[in-house]
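Shared between the two complexes below is subunit A, which pairs with subunit B and subunit C, respectively.
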Partner chain A sequence: MSDQSHARTDHDLAPGEEEQHSVGTRILGYVVGLALALLLTATSFFIAGTDLVWQPSIPVALIVLAIAQMGVHLVFFLHITTGPDNTNNVLALAFGLLVVFLVVGGTVWIMAHLNANMPPMDHIIRMQ
Partner chain B sequence: MAMTATAGHAQADPHHIGVVTEHPGPAPKRIVTAYGFWIFLLSDIVMFSCFFAAYAVLSGQTADGPKGSEIFEQRNVAIETVCLLLSSFTCGMASIAADVRNRFWFYLGMTVTCVLGLIFLVIELREFADLVARGYGPSRSAFLTAFFSLVGCHGLHVSAGVLWLLTMMAQVFAKGFRADVLRRMMCFALFWHALDIVWVGVFSVVYLLGSAA
Partner chain C sequence: MLGKLDWSAIPFDQPIPLIAGAIVLVAILGVLSWVVVKGHLPYLWREWITSVDHKRIGVMYILLASVMLLRGGSDAIMMRIQQAVAYQSQGYLPPEHYNQIFSAHGTIMIFFVAMPFVIGLMNLIVPLQLGVRDVAFPTLNSVGFWLTATGALLVNLSLVVGEFARTGWLAFPPLSELSYSPGVGVDYYAWSLQISGVGTLVAGINLVTTVLKLRTKGMNYLRMPMFCWTTLASNLLIVAAFPILTATLAMLLLDRYLGFHFFTNEAGGNVMMFMNLIWAWGHPEVYILVLPAFGIFSEVVSTFSGKALFGYRSMVLATMAICVISFMVWLHHFFTMGAGPDVNAIFGIASMIIAVPTGVKIYNWLFTMYGGRIRFATPMLWSVGFMITFIVGGLTGVLLAVPPADFMLHNSMFLVAHFHNVIIGGVLFGAFAGFEYWFPKAFGFRLDERWGKLAFWFTFLGFFITFVPLYIAGMLGMTRRMQHYDVAAWRPWMIVAAIGMAVLTIGVICQIVQIVVSIRNREALRDRTGDPWDGRSLEWATSSPPPVFNFAFNPDVRGEDAYWDMKARAQQQSLERDRPEYQDIEMPRNSPTGFVCAFFATIMGFALIWHIWWMVILGGLGAWATFVVFAWRDHDEYVIPAEEVAAIDRVNLEERGNLVSMAGTV
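Our next item is the complex of A and B:
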């Protein structure tokens, strides 16, 4: 947070709020966001159905495209940016993402290994 | 950012007595409300992540029932996705119209958002009804339980969003663009955009990955 940036904005921005822009600029932001999101969606649907690309790469490509599209939504629709007046919103988002990755990643990781480390079913039945 | 302004006075005057003129004061109510709602939305996304995690673990447990690739129709999902994406855009237009106090564009944007949201819900309900009629209800297999709870939870959020949208139109109609109505409108726009973000995860992970696998 430099003094320069502090002088420019003397207050924080609420999430979803933009810095002072004209109506035309704001509409243009949404149009750009919509175009990017449509492009990414179309790519996702195309990738999922095509056999032009190496098949094992498809899941990774779909996840990368999904994360990219979520980023587009955050920046162009929710106006969560890296600007100095947006620090609180970004920090809250970062913590939310940490929890999301812990929950999803942790669950998938543990459950995959739990399954692999379990004795076969007939062993469990014999133990009882 | 309020922290930096007060840090210099913190030791000499911990209770900020006498620095009132230099202290920027509490954030405006608009920022406090939207920030609180942003925290709620993030916790809502954390809740969705639990459903996603459950789906990721259970998606293979079909109990000799149908696999995802056998029951998902990509054409319907594409229509749903486009509907939700366009409704996010029109919701943005409506919130711009609310900021400049333009009733006509506000009502138009909100109506289009509502219609697109309803189209999404109708397609989703027909998909659910069709699956249940074929005997593939949520009790058929663990995969279908996880599928119905994840997609159904998102559908419930969209339904609540549509009700909220109609409430906002009624409030603007009855009370005009008052400050408190505008704050609610801002929270609604955040909610609607966040639902679209969750849907990006749903169509990518459930429908597209499910059909690809």
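Our next item is the complex of A and C:
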């Protein structure tokens, strides 16, 4: 285990330190990414205004498209891969996502329950 | 022209801050003129102020923390005296002054004592333990330090120019909003934290990168010393949590400067949101401080027990578990805010769960000591004292994590006693243990043991004499932050606490005497081996103080406790014979970027506080231009030729060799 993990840390890449590809391949990667990103953006705008699909599904569709958009950015522009040279980046991403989820989710949950010990508003209005 | 600033900003009618300010000013001018007259200024500038050497920056962080400890400690003494005399009277501090003192005490102790102290120790030691030559971003490191110093300077400036916040150390709205705090106090608070927060964030990024990216040959994650692990966890928390603080304070500043309504009572603002956000940073912050201390205790306990750390992997797991769970407990700071029983119960349980990995650590330290040959040197005394103190603090913490109990104890003196119990008993004892333990590494001579032990005993006893009465007063219903009170039952406990504070002060004086005595006896206390404590990790493998490049050769690590391993194999002698050829070493050049940038940041911060807009633009442009100049630099490294490396290394090896052969003859 020790030798392998050492070899891995030697080759772990920081964001921006690209693997050796020719300029052509790299430009192609960015172009594909741009096309996908534009496609997803256009679809989002289209879905938001359309009446072709069942209306309550629109927010869900927008969320799905937004997550896909993040994925495109991570893969094509930030070059996150599942390769062993990317362990640190993937772990950092996972930790970041976890913290964002905990803080944002926790905040929404806490703030939604703040009035738990209060009488309902209409009750107060009736008392007046 | 000068915004809100005029002569009324200087409190001519209040003798205490004016006299204190005058004494500090005289002291600073005295030191400065001594430096200039003796001609030390060029040396200071070249070797310290512009230094990007992680060891020098670490020492400067610790120096800043020590000076600020005296400032925060003076505030504490004033508060304890006030509460001892203010029974059915006004005491000697008027309410507006007393409120500033407790706010400044908390702000300084957390942001400008505890934070720089642990960051300083991490800076000083982590690259050495990893067997590398410097941190990942040396110039950024210097920027981080000087921005922290800017924050400290602004807070202390508020003593004589204007006023400090009267809102407590977290500046809760609506009190901290413009309508209730129209003065510059909250602005001093917010801008100094914003500027020093940037410094802390870059230090965090730097140390995370260092641990993840720069390790010597063979140093895999599971061979790193425990202090490196806790550094990693603590700095991951800095990177994740400090942006929350920055964003929250930015919203408060928008409210105060541009009439926004994030946290106001009117126009749809929500005060509760501030509590929620500030504690989403505030709770991880507690672990940012205490995790490095846990790492220090792990190193010290293992070294002075002469044993490898018990349960190394469980310790790693516990550290990383704390790192994650620390983001799941923040609501326990405001159980009483009105979230329902469901929310309170979940966060209460999470708060109790986080005590489990902490308990694992305590058992690991105890089992490390079990069966070891324990040497009770000063660092070990601090560590054992920590275990006792921290268990008491942890248990009162678990008590406070029970929501119904918290409804009784919230904002009482019991709470004050609890968090001082964990922060003094955990963080400060850890910082002192690390200070005593690594001082020989940083300066090349040990600290006087007799005064060190005296300092420990006075601090340890003084701590309990001060804070046990506060627990009791809290149980008797005394709330925190009282300028005066009329309840006779509290009075005796406040007097005992003031006596305890006197004992604590003696402890601090002993520590100062210890440093003075040690500097005078430095020849007798000289550490020639580089390994005064029979250490186990790589920082002891180089000379004390280490050369600027730390190691002439990158150490080759073959297991846990790297240096112990080398000593066990007696590689020391064999290495001398078959050392490979010395090579040129490239080191980063010193750079004034950090100092100049912080100079402009200070101007900008001061101008923002006093609404001097042209000066804000000037400071901002200056700080930005500093970075542009740095970004356009031509060469940022210099070469130490192989002969010089060889000469330095040979002196070091000879001294060691002599000692080894001397030990052999005896």
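The definition used in the following text is that the second predicted complex is superposed on the first by the 103 of 128 C-alpha atoms of A that agree within 3 Å, B and C clash if a C-alpha of one lies under 4 Å from a C-alpha of the other, contacts with A are read in each partner's own complex, and residues count from 1 in each chain.
We adopt the following convention: a residue touches a chain if its C-beta (ideal position, glycine included) is under 8 Å from a C-beta of that chain, and two chains touch if they have at least 3 such contacts.
Source: prediction; values computed, not measured.
Looking at the superposition, the partner that touches the larger set of subunit A residues, subunit B or subunit C, turns out to be B.
By the touch criterion defined above, A:Gly96 lies against subunit B and subunit C together after alignment on the C-alpha atoms of chain A. In the superposed pair of complexes, A:Gly24 makes contact with neither subunit B nor subunit C. In the superposition on chain A, A:Leu34 makes contact with subunit B only, not with subunit C.
Of the two partner chains placed by superposition, only subunit B is touched by A:Asp85; subunit C is not.
Of the two partner chains placed by superposition, A:Pro56 touches none, neither subunit B nor subunit C. Contacts of A:Ser44 after superposition: subunit B is touched, whereas subunit C is not reached.
Contacts of A:Met70 after superposition: subunit B is touched, whereas subunit C is not reached. Within the superposed three-chain model, A:His113 lies in touch with subunit C and out of touch with subunit B [touch as defined at top]. Residues 6, 12, 14, 88, 95-96, 99, 103, 107, 111 of subunit A touch subunit B in one complex and subunit C in the other. In the complex of the two chains, the subunit C residues touching subunit A come out as 209, 212-213, 215, 217-218, 220-221, 223, 236, 240, 244, 270, 272-273, 276-277, 280, 324, 327-328, 330-331, 337-343. Against subunit C, the residues of subunit A that register as touching in their complex are 2, 5-6, 9, 12, 14, 88, 95-96, 98-99, 102-103, 106-107, 109-111, 113-118. Subunit A contributes residues 1, 6, 10-17, 23, 26-27, 30-31, 33-34, 37-38, 41, 44-45, 47-49, 58-59, 62-63, 65-66, 69-70, 73-74, 77-78, 84-85, 87-89, 92-93, 95-96, 99-100, 103-104, 107-108, 111 to its touches with subunit B in the complex. Contact residues on subunit B toward subunit A in their complex (touch as defined above): 1, 4, 24, 27-28, 30-31, 33-35, 37-39, 42-43, 45-46, 49-50, 52-54, 56-57, 74, 78, 81-82, 85-86, 88-89, 92-93, 95-96, 100, 186, 189-190, 193-194, 196-197, 200-201, 203-205, 208-209, 211-213.
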